[in-house]
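Order as written gives the chain letters A, B and C; numbering starts at 1 within each chain.
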Amino acid sequence: MQFLSRYGRTDWFGPLLVTILAAIIVGSLSPSFLSAFNIQVLLLAVAINALVAYSQMIIIAIGEMNLSVGAIGGLAAISFAGMMQVWHMPILPAALLGILIGLLGGIINGVIISLTGISAFVITLASLSIYKGVNLGITEAQPFYGIPNLVKHLGNAPFLGPLPWLIIPTAIVGFGLWLMLTRLPIGRCILAVGGNRHAAELSGISIRLTVIVAHALSGAIAALAGILLCARLQIGQPTIGDDWLILSFAAPVIGGAVLTGGHVSVGATTLGVVIVAIITEALVLFNIDPFLVQVVLGVLILWAVGINRLREFRLKPLRRA
Amino acid sequence: MAEFLFEALGISKSFPGVMALQDVSLQMREASIHALLGENGAGKSTLIKIITGIHRPDAGELRLAGTPIELTSPRDAMAKRIGVVHQERNLIPRFSVGENIYLEQLAGRPLKPLRYPELYRQSRKWLDLLDLDVDPATPVSRLSVAKMQLVEIAKALALDSRVLLLDEPTASLTPHETVTLFKVLKRLRDDGVSMLFVSHKLEEVGELCDQVTVLRDGRNAAHSQPLQGLGRQDLVQLMIGRKEQIADWPARNFAAATPALALKGVSTILGHRDIDLTVKRGEILGLYGLVGAGRTELAKCIIGQFAVTEGSVEIQGKAVKIASVADAIHRHGIGYVSEDRKAEGLILMHSVLANAGITVWRNLGRHGLPLTDGRIRSRIEPFVRRLEVRTPSLAQLVGNLSGGNQQKISVAKWLAAGVKVLIVDEPSVGIDIKTKAYLHELLRELSDTGTAVLVITSDMPEMITLADRIAVMNDYRIEGTITNTRDYEEMSSRIMSLIHRVEAA
Amino acid sequence: MPSDGPAAASLDASDTTLTPSPRVRRVRFYLTNEFGLVLLIIIFGAAFTFAVPRFLSHFNLFILGRTAAENIVIGFAMMVVVVTGGLDLSVGAIGVCAAMGGGWLMQVAGLPWPLAVIGGLLLGAALGFVNGWAVVRSGLHSFIITLASMSIFFGVMIFITRAQAFRSIPLSFASFAHIRYFGFISPLLLLAVVIMLALVYLYRLTALGREMLAAGARASAAELSGVRVKRVIILCHMLAGLLAGVAGLMLVARNDAAIPSMAGQLGQDWLLPAFLGPVLGGTLLSGGFVSPLGTLLGSFLLTLLTNGLLLLQIGQFWVEAVLGLLLLVAVLLDQARRSFIARRRMI
C-alpha cells in the first residue's frame, strides 16, 4: 500500500497504468493493434502530437496559455514547403528557417505579454489570427505540393524495426526539455515563475526574460511539429494546426500539469499523448465514428483536470479537523 | 566597527494627501532583537516598505554598518543582505527546501547545470542552525506553516543577511510553534544577527526583544530604547499617546432582553467545537481572541459561508438552518462587516452607489419594477449622509476614498439592509483615530435602536469601550464569557487569564 | 490607498445633490469608449466611401448591417460571460448545435419555424446551463471547462448529424435574412439592437444584472453581501448559450441551410469576433464592467473594416490577419486609456 501511495504521488504512474491497460484491452480485442505496422503508425502520430503537447506544456509551466500553437505550426509548415517549392531551397536550411519563424512568432508573443501585462489568452488569440491570416494570405488556402522525396520518406518510413525517423527529433526535444526543466537554471526559472511569480522576482529571476524564453521555445517546438507533420502528410497543407488546440491542452493535463503553473512533467505528458493516440486508433479500428474523438478528448480533459485538482487539495487541507 | 548594523535616520515619506512618516529614526545593534511597535495607521508598514526597498524615502537616509545606502527595489534590498520574512509565504511550493533556500542561484547563469547533492549538502548547514529537521529534498508544500517560515529564515541567512526583518511572524503559528521559533531567534541573536521584530502582540515583544522603537501618527514616540523597565502600560501609552481611555458610557442591563442570536453547542466544519454564545437584542457582545483563535471563521459560519455541523443556531429565539450567505442576509437579517475590507467588504472598482446598495437590490427589485439608480439612491442616501461619508458624489469609485470612508460604506450597506444582527470584524484596522471614535459611537447608537451587535476585535481598549459582555475565544473554542465592568486593568487581566489558562495545561 | 484630498472636500456633507457637476460630465463623455468608436466608424466609413463609392450602395449597406448583426450577437454571447469574470470558448460550438437543432426541427420534425426557433434557443440555453453548472460544481476555471465542452458539444453534434447539413429550410424563416427595410436595413440588425436594449435593461435596471456585475468585479465581496454568485454564474452561461443560439439561427437564415461547419472546426471561427466586439467595446476582460452599446459599436466597427477591406480587394485571406492585428491594437489602446484615466483620477 505504501508502495502504491508513493508512486501514486508521481505524475507518470497513473498515466502509465492507463496506457498499459488501454494497450492490453485494445490489443486483446483487436490483435492487429499490436502489429509492427500499427505500432509504427501509432508512433508517427505520437511523434508529432508530442511536440504539439510540449509546445503548450512549456507555457502551462509558467502559468499562462498559448492559443497560437496551431497557427505557428501551420505557418512554419507552409513556409517550409513554400521555400522548398518556390525558392528551391535545400531541405535543411528551409527547415531551420521554418523553426526560426516559429521562434520569432513565440518571441513576439512573449515580448508583448511581458511588456504590457495583458493576459496571454488575449494576446495569443490575437496572434493566432495574425499568424493564421498570414498563412492564408500566402497560400490562398492552396497547399504546396512540391515536397522533396527525401522529406516524404523521412516523414513516413521507419529506420529501425517499427521506429519511424520522425521519432528522433521528438525524442531529442523531449529529452532536452526534461533536462532543462529538472537540471538547468533556465528551466527551473520557468517553473519558479509559474509556481510563485512574486517569490521568483524577489530572488532576482527576471520574469520578463523567463516569459520570453518560454514563449520562444513554445513557438520553435510548435514550428518543428508543423514541419514534421508537413513531411508526414507529404504536402504543405495550410490547415495544419487548426485542430491542435484541444490536444495541446489535453496531453499535459492528463500528465498532471496544473494550469496555474509551476508543475509539469515531460514523461507524463508524453504518456498522455500515447493514451490519446491509442484511444484515437481504437476508435478507428472498431469502426466507431472518428468524430467522437473530439468528445473523448473533451471528457479526458475534464477528468484529468478534476483529478489534478483533488491532488492539489490533498496538499493543502481546508483547516484542522 | 560601526556601532549600529542598520540605521534609518530622519525618514520622511508622504503620499498624495497623507503624511505617512515624518522624521522617523531607528537604529539596530548587532546581536539584538529590536521591536517595532505602532497602532494600525501609525506608519509601521510604510517604514517596513522603505526598509525592504519597496518605497524610496522622500527625506532621510538608510545606513548599513555605517555606510549610507539606497535601496531601489526589493531585489536590491536582498542583494544588500537585508533579509525579510513577510507575513505571506514567498516560497516556490513545488520546489524542494534546498532549492528554495538557494533560489537566488537560478538568477545566475541560465545554462549551468545545477548540482543537487551539493545544494542539499550546503542547505543542511542552515537547517541544522535553525534546528529544522527536514530532508532538504522535501517539497516545501509538504511542510507546516511554521516550518515554511523557518525555511524562509534559512533563505535570508543563506544570503548572508546580518539584518533580518520579521513581519508578524507568529500570526499563523500555534503557541507551541511560537515557543520553538523564539528559541531559534534567540540563538540567532546570540550568533550576532540583528533582528527587527514587528508585532502587535505586546506579550511576545516583552519576552523576546531587548530594544524597542514605537511609532505614533507617523513619528517616533520612542526611538531605539532598551525595553528593560518598560511595562505593557508604558508601551501602550507610547503607542496611543495617552493612557488607554475607555469611553465613559453607562452600563446597560440586558437581563430582560430577548436573544437575537444564540449558538448552542455549535461545532463547525472549520474546526470549532461546542460553541455557546448569545447576543441579546440591543446588546453589544465582544468576541476577543488573539490572531488565529478562530473568531473570523466563526463569523463566517454564522453568516452562512461555511457549514455548522452540530448544535443549533437560533435567530430571535427560533432555531434556523442557514443554508447560504444570501439566506442569512435576506431571510434572517444577519450582516457581516468583513475584516478584509478591500477583498471581501467592498468592490473597489464600483461606485459608492453600487457598494452601498448591493444588499437592497433583491428587495427593491422584487415586483419586477425597473431597479433604477434613483430608487437605490433614495434608499441608501440617508445612511450615506448619516455616516458623514466624504465623497464628491455617489458615482465616485470606492477605491478612491480614504480608508475611513471606505469602512463607513461597508457599514452603510448593512444599515440600509436593516439587519437585526450585525457582526463587525476588526472595525478599525487602518482607520484614523477620529473615524474610529465615530464608528464606536455609531455601533453604540445602533445597538440602542435594537440591533444586536457582535464585535470581533484584537484591540483591547476598543473591546472594553464597546462591549456589554465579552466572550473570550481561543483555539476555536469559547473559554468564557464575562460582563464588562469597564475597568481596564481588571478586564484585561481577566481576559488574559482566560486565554492563557490553556497555555498552563 | 489615496485619500479623497482637496478635490473631494469641495462638496461638504450638507450638499444635497451628491452628483457630479455638468462640466465634469461633459469631459467624461468625450473620453468614453463609445464616443471614440462612433468617431472611428464615421472616419472609416468616410474613408471607404471615398475609396470605393460602391461602399454606400444599398446592397452593400444591407450586407454590412446583416453581417454586423451576426457579429454583434456573437459578441454579446461572450460579453455576458466575460462580465462575470469567466470565459466561454464554446460559444461557437453551442451556436452550431442550436442551429443544427433548429434546422432538424424545421426540416425533419416538420415543426413550424417559430417552434423550431424556440427549440434551438432552448438547446442553446441548456448547453449553457451545462457549462455553468460544471464551472460552479467543479470550481475549475471556465477556460478549461469550456475548452472541454466545446469539443464535447461539437463532437456529439457531428456524431448525431453525421456532418450532414439541413438544406430544406422554410422560406418564411430564411426570408428574415433577405428582407430589406428601406432597401438597406436588415431585420436581423434591428433584432441585434433590440437585444442590446434588453441587455442594457438587464445590467442597469434589474437586480440580476447588477449582481452579475458585482460577482464579476469581486466574487468574494459579492458573496458576503448576499449575492448568490453560483446561481449568477449559471445564469450568465445560460444567457450566453441562448445568445449563441440566436447567432447560429441568424446564420441558418442567411445560408438557407443549417451547416455543421458554419463556425469552423469546433466552432473556433467565432472566437475572434466573440472577443473583438466586447474588447473594442470596453468590456473589461477581468469582469465587473460592461457596455452593451460599446460591444455593439465594436462589433459594427470590425464588420465595417472587414467589409471595406474586402471591397478594396485586399483579399479575404488577409482579413483574418488584419482582425488579429485590430484585436492587438485594441487591447493595447484600452490598456493605455485606462492608465491615463487612472493617473488623472477621473472616474
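Keep this in mind: a contact is a pair of C-beta atoms (placed from the backbone, for glycine too) under 8 Å apart; a residue touches a chain by one contact, two chains touch by 3 or more.
Small disclaimer: the values here were computed from a predicted structure and weren't measured.
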item: Most widely separated chain from chain C, with each centre as the mean of CA atoms; value: B
item: A-C against A-B, pair bridged by the larger set of C-beta contacts; value: A-C
item: Chain A and chain B, separation of their C-alpha mean positions in angstrom; value: 45
item: Chain A and chain C: spacing of chain centres that average the CA atoms, whole Å; value: 31
item: Where chain C touches two or more other chains, by residue; value: none
item: Multi-partner residues of chain A (each touching 2 or more other chains); value: none
item: Where chain B touches two or more other chains, by residue; value: none
item: Residues of chain C that touch chain A when the two form their complex; value: 87, 134, 138-141, 143-145, 147-152, 154-156, 158-159, 163, 264-266, 268, 271-272, 275, 279, 285, 315, 317-325, 327-328, 331-332, 335
item: In the complex with chain A, residue positions of chain B that touch it; value: 74-75, 78-79, 89-95, 99, 103-114, 141-142, 269-271, 297
item: Residue ranges of chain A in contact with chain B within the complex; value: 183-186, 188-189, 191-192, 195-196, 198-206, 262-263, 315-316, 318-321
item: Contact footprint of chain B on chain C as seen in their complex; value: 1-11, 13, 17-20, 201, 204-208, 210-211, 213-214, 217-218, 220-228, 288-289, 345, 347
item: Residue ranges of chain B touching chain C (in the complex, touch as defined); value: 15-18, 303, 305, 324-326, 329-330, 336, 338, 343-351, 354, 358-359, 361-362, 364-365, 370-373, 381, 384-385, 388-397, 399-403, 405-406, 413, 417
